[in-house]
Amino acid sequence: MDHRVALLNTVFALDDTGCVTCGGGERYLIELCGLLRELDYDPQVWQPGTKTHEIEGIRVAGLPWGGMEYGTLPELNKQFRERTAGYDKFIYFVPVLAFPHVRPCSVVISHSVFWDSPLQPWTAHGGPVREEWLRRLHQAVTAPDLFVSVDTNALNWIRALWPGYEDRQVYIPSFVETGLFHPAEQSPDRQKTVVLFPRRLEWNRGLDAAKAAALVLTQRFATVEFHFVGQGAGAVTEDEMRHWAEAHPRCRYYWAPMREMPEVYRRADMVILPTQCSEGTSLSCLEAMASGKAVVCTRVGGLTDLVIDGYNGRLIEATPEALIAAIDDLFRHPDQRARLGAKAAETAQCFSLKKWRRRWAHALSTIWGDLHAVDPL
Amino acid sequence: MGSDRRVAVLDCLFMLDHGRRLTYDGGNRYLVNLHKILVEMGYEPHVWQASGTTHEYEGIRIEGLPWGEGEYGCQPDLNLQFYERTSGFDRSIYMAPMLPFPRVRKHSVVISHGIFWDFPHEPWSSLSGPFKQEWLRRLHYALTAPDLLVSVDTNTLNWLRATWPGHETRQTYIPNFVDTALFFPGAPNPEKLVILYPRRLDPSRGIDEAKAAAEIMCRRYSNIEFHFVGRGINDSIEAEMHAWATAHEGCRYYWLPMHEMPDIFRRADIVLIPSKSCEGTSLSCLEAMAGGKTVVCGRVGGLTDLVIDGVNGCLTEVTTEALVQVLEHLVRHPDKRRRLGEQALETARGFSLANWKRRWAGALSAVWGDAE
Amino acid sequence: MLLTPCKDRRVAILDTIFVLDGSCRMTYGGAERYLILLHKLLVDLGYEPHVWQPGEMTHEVEGIRVSGLPWGTVEYSGIPVLNRQFYEQTTGYDKAIYLAPNLAFPFLRPRSVVISHGIGWDYPTHPWITACGPFKEEWYRRLQFGLIAPDLLVSVDTNTLNWIRALWPGYEERTVYIPNCVDLDAYFPVERQREKVVVLYPRRLDLGRGLDDAKIAAQIITRRHDFVEFHFVGRAMEDADEAAMHRWVEEHPRCRYYWVPMHEMPAVYREADIVLIPTRVGEGTSLSCLEAMASGKAIVCGHVGGLTDLIIDGLNGRLINVTPETLTKAIEDLILHPETRCILGQRALATAQAFSLTAWKRKWTQALRAVWGAPGS
Amino acid sequence: MNVDQPRVAILTDYLLHPTDSCLMLTSENFYLLELARFIQEELGWSVDVFQVSPIPERRFNGLNVKGIDAPPDSNGMYQTLNFSFFRAGLAYDLRIYHHWHLAFPQVCHRSIVISQGIFWDSPAGVINRQNSVGREEWEKRLLYAVAAPARFVAQDRNTVNVIKATWPGYEHRLLYLPPGVDLERYQPPASRPAAERVRVLCPQDFGLEQGINEIISLAELLVEAAPEVELHIVGRMREFSTAIMLAKRIHALENCRFYWVPTTHLAELYRTFDLALLPYRAGVGVSIHCLRAMACGLPIVAGLAGGLAEMSIDGWNGRLVPPGSARILLEAVVQLARDRDLRLRMGENARRLAEGYPLSAWKRRWKDLLERTMAAASPGIDAGALED
């Protein structure tokens, strides 16, 4: 049996020094490669680019990638197909990579319904452009042997549009390292209440709603502090954010490397994820939950797979008003905060890395088990 | 191709064996004459049509075929029945444009009698969306799949070229014919000026405009007579026409068997062909021209292949005002009438049966390559 | 959103069929229960609701005035004539509620609210999913109108809202998620020790609800484990189907079929150990699921529609892609592990607390205030 | 469900006549019986067949044949049949859709769809009679039946190529699994002595596109052109009344006969012929008739259609002719009838070609496919969710 697995990725985000910046996608990929190794597979990653990198022990080779068409990368897809002619197991890291060609025994991963934004060109378009985009999406969803979705949202969306392919679809929610992210042993400083926004500084992650809430609530309560912890799309965004935070009392902006994040979560009293769109089962949300924090999430995408409103967190409408009301409520009721946080920690156990690995191992065995090698002719 | 001389001919509604109403349509005459050519060329034509029985018409044996449901103006079941029955045949002719769908034999010819989908009341003209598309798809197949498309007018070919260009090498223009032995000039009625409408009583043939013009003209001129000669598609239309003619002085309505038509033409002074649509190189027009009459035609379909305005007849918009204007002009200028009539006669000679046969023989030998 | 306060307290409500003409008999399905609750809430808030439905007669049931309207025919899943009649009848009203999106086409009263009970077209044999071309487009057009044209869309699950967002983004401001609720006084757990294990299927007898899968699972499991009983409790759409079900249970030992009036259902749930909600298609935040949760039962759900808003796999129940195999496996796991059953049941009960009637009323009150302004002001 | 003995449900349209208990003698049904027998006898699994019929249950040839009373709709689609089978099929471990057009709108999990060839390539076919909306719908559903099941079995290369050209990007879901012929049973005779008469085998399912009218026209032409040739139309029609009509037409032809024989006698019968004529026009996958005839050492005259082209190399093991013309058939048949050496040489080649399709290989491939499909665990449940 050939143990090699060819994996096509969009691109590992690299910072200026050539080190990988750990966004959710990158962490997912690194964990997945780790799991594959443990299962005795040998993962090889390709991505658009010209150079070959070695990232966390994973060999990442560059491929010419041509241009983008209707959100897909046909040239990259073709190059990948040609370079991996000798392989017989494949993973396409996002659906747009799985067009026009998928190989037998291939897996495609959906990380979210990413096209639910009014700014997303394909949903905004009508007519033949949208139809063509949908056709390609349909193919990327139905052609692979296994479609792995991190949330039920994508599966339900697909079912309501193209029903009848459920048998080859599987829901594997994201993971959290419960060993790293765990509740604090002592309760945090009672003098202040820290509201944490642990996301990238992006509109679709709800940055604007969070800022609006910070303005109102720091005015309203003298003991509230807002911490914005995350990178921006560039230095300019981050500088802007820094200036903004400096201009507003008890608003702070910084970012911490991955290894310090557990502590950042533990220091918070509540965590807000006011996502506007394009969300799966967010790693940040899971980490906050594993840290035993009360989370305030919008009811967008995969967040509803993690949070049940009033049971293990708050699920709110995606407006600043709703966000303010929810934070206000939690601020006034520390007991509720504690209760939700405890339930959240319990919930996070269902999304442990260990379970995630077992889910993936099982899913892969259904298509890559010994009996499922390529059909001989 | 082998030595088999048989030709399978599929006709749609050569003779309606249920209604017993012969409409003396051009189609019948066309088939009879085509049959004659085929026999003369040494072929053995076998004719099928949608019918429950087998019968004979002018010496032609016509076999019936089940025809199934009409779909999008086609009779696919009739077509398939024909296909199966003629498995031993090497040559076939489809007498009307929609008949070749969905399947044609090799070495087949289809005949277009003119564009018939340019009338808003025609069921397929007014459709849109997928139904129209499907109708067009079938029309496209029927006109492009056979080895040869014979069109009676240039209008059809021009439309096809503009719509689906690139098929020109498999298309040919064979205008209709007139039997000049039957249709020849004669002296009209000296007392009255007779204006003849020799067509079916059909809106697409301009019957309503002709009637309105007749009313006006008869009011203005006492020495004019309008003759409407043709059948309606049902009894009530004919009864209505009778009532109308009785109520209007100078207007007459009747219809006659085919063999008496040459005489009718001879007795007329002016012949009206006020078609608004669905027209090829009209036989009636050719017959009137062969009779040396002044023809007044609508500017549609194949009529423009026959008539050049002011040279051998008049072409006009089909509105009551326009018809009245043209007719008045002709009534007042007998010289012009005579001149146009002479030129019409001259023109008609070019559309003789002999020429028609020669054209057909040429076309068939080109596609079948084995005329004796 | 219109915030103009209105003096008129009347609310026009359009329902499909609430009371059957001639019998005065109500079919206590989920939709009927919803209407009763909503009607009561409106009255409590000081409104005067008036219900219309297709039919010829006027009824008074449970204190609700119901008037009949001519309905014409069904077109593209909608009832345009009924909609038009309702519109004409309620010209004096300035508040309206449409109990389903297909009722809200083509005419809408100002300040109208539409309720979505979940996505019902997510299966290949759905009449409009199987359609194509312009007909399908027309169906989509009307569906979209019914969902987004009213001033407020109340959805019982996040799935519907996420689906809409990914297909027609930009309408989020006019939508709100109000999950269904459960009467925690009526549905509660009991302590019990016994030998046998009762598996309950408390749904309508319907393929989409997983009846066929449940029957096969019952057959296999009762053969393997003699201490397990299966109870199928629910009505079918047709008498013949009920008769067939009666025959089926006679042939299968330890399988039972019956149905009970609404008020006896809590006892039926209490009697069970495991509850199956093996939905394949067309589900919102199922009342049956909530009732089972409130009864503290271990639940096996299909990962479909709104069920993922209620259940987190392995935390407070099981989520599976329903086939006879997966269902059998999930049930068997629970049969063999009483302690797991117990934990899942406890957590389900805790979760159910978040879906109380009080919470539901609060959410509805807020939502209505947003579109109608404060009542009586 | 017995773990030890998996249960297989096969869906077809008509294995038996819907009301009379006779087998519809078509190439596809021979295939189905062979497959069912193989699964039952050699894999030891159980098989039930579902088909269109008002009769709920019948026994045929050791098979339970279950009827679903659901004829096709006006678009030629078997929606109701498919749906009823979807429900009934849940109780089985593995499902086989014996025809492509039966596998929509919904296939069960763990299903195999078999294509019997490209069935819409006739102008007279059901798809060509639809408008654009109807054709779009057909296309959508045909793609669904390729993309949704666990495996889509194509028996001929034509199907593979058409799918590749129509929906590029789905070819990996196909499994090319050519048919097999029992080479022991279907063998050429020890010798073919020269005879006066030339006997032509015309195996027919009487499908719309199998050229029965060309055969009859050929018979008429042969009276003059080659009176020594006799045509034997072998097969059974679905409807008795149409069979009578056909028999009457054929009765008038002295050089043409029409009959059928039980499957057990087929091999023996086939050996007595000199060549086989399959003037199929369209709608054909691989033809088991063709393979059997070749295995018996008969040169074939075949129409250039569907999967037949794969079996016939013009001038080597027979003639591959453009379909639809009796005259072209005449030329090919007369050529072979007049030249005994050519016939024998081509017959040997035909046998050689058939030897490339042994039944054993077919069985091995099916066994492999069935076992793989059977062994596939469902990804639809997280087996470890309840563990720590």
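Note that the chains take the letters A, B, C and D in the order they are written out, and that residue 1 is the start of every chain.
One rule holds for everything that comes next: a residue touches a chain if its C-beta (ideal position, glycine included) is under 8 Å from a C-beta of that chain, and two chains touch if they have at least 3 such contacts.
Nothing here was measured: the structure is a model prediction, and the numbers come from that model.
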| item | value |
| --- | --- |
| Chains in simultaneous contact with chain B and chain D | C |
| Maximum centroid distance from chain C, chain identifier (CA atoms) | B |
| Distance from chain C to chain A - Cα centre to Cα centre, in angstrom | 31 |
| Whole-Å gap between the CA centroids of chain C and chain D | 48 |
| Centre-to-centre distance between chain C and chain B (centres being mean Cα positions), rounded to whole Å | 66 |
| Approximate Å spacing (C-alpha centroids) for the pair chain A, chain B | 73 |
| Junction residues of chain B, two or more chains touched | 130 |
| Where chain D touches two or more other chains at once, by residue number | 104-106, 109, 132-133, 144, 378-380, 382-383, 385 |
| Two or more partner chains touched - positions in chain A | 163-164, 166-167, 169-170, 350, 355 |
| Pairs of chains in contact (touch as defined earlier), listed by label | A-C, A-D, B-C, B-D, C-D |
| Interfacial residue positions of chain D with respect to chain A in the complex | 104-110, 144, 147-148, 150-151, 168-170, 172-173, 175-176, 368-369, 371-372, 375-380, 382-385, 387-388 |
| Touch list for chain B against partner chain D, complex | 1-2, 4, 71-72, 76, 80, 83-85, 87-88, 90, 101-103, 105-106, 130-131, 133-134, 137 |
| Chain D partner contacts - residues on chain A that touch it in the complex | 99-104, 106, 139, 142-143, 146, 163-170, 172, 350, 354-355, 358-359, 362-363, 365-367, 369, 371-372, 375-377 |
| Residues of chain D touching chain B in the complex | 122-124, 128-133, 211, 213-214, 216-218, 220-221, 324-327, 330 |
| Residue ranges of chain C touching chain D (in the complex, touch as defined) | 123-125, 129-135, 207, 212-213, 216, 219-220, 313-314, 318, 320-326, 329-330, 333, 337, 340 |
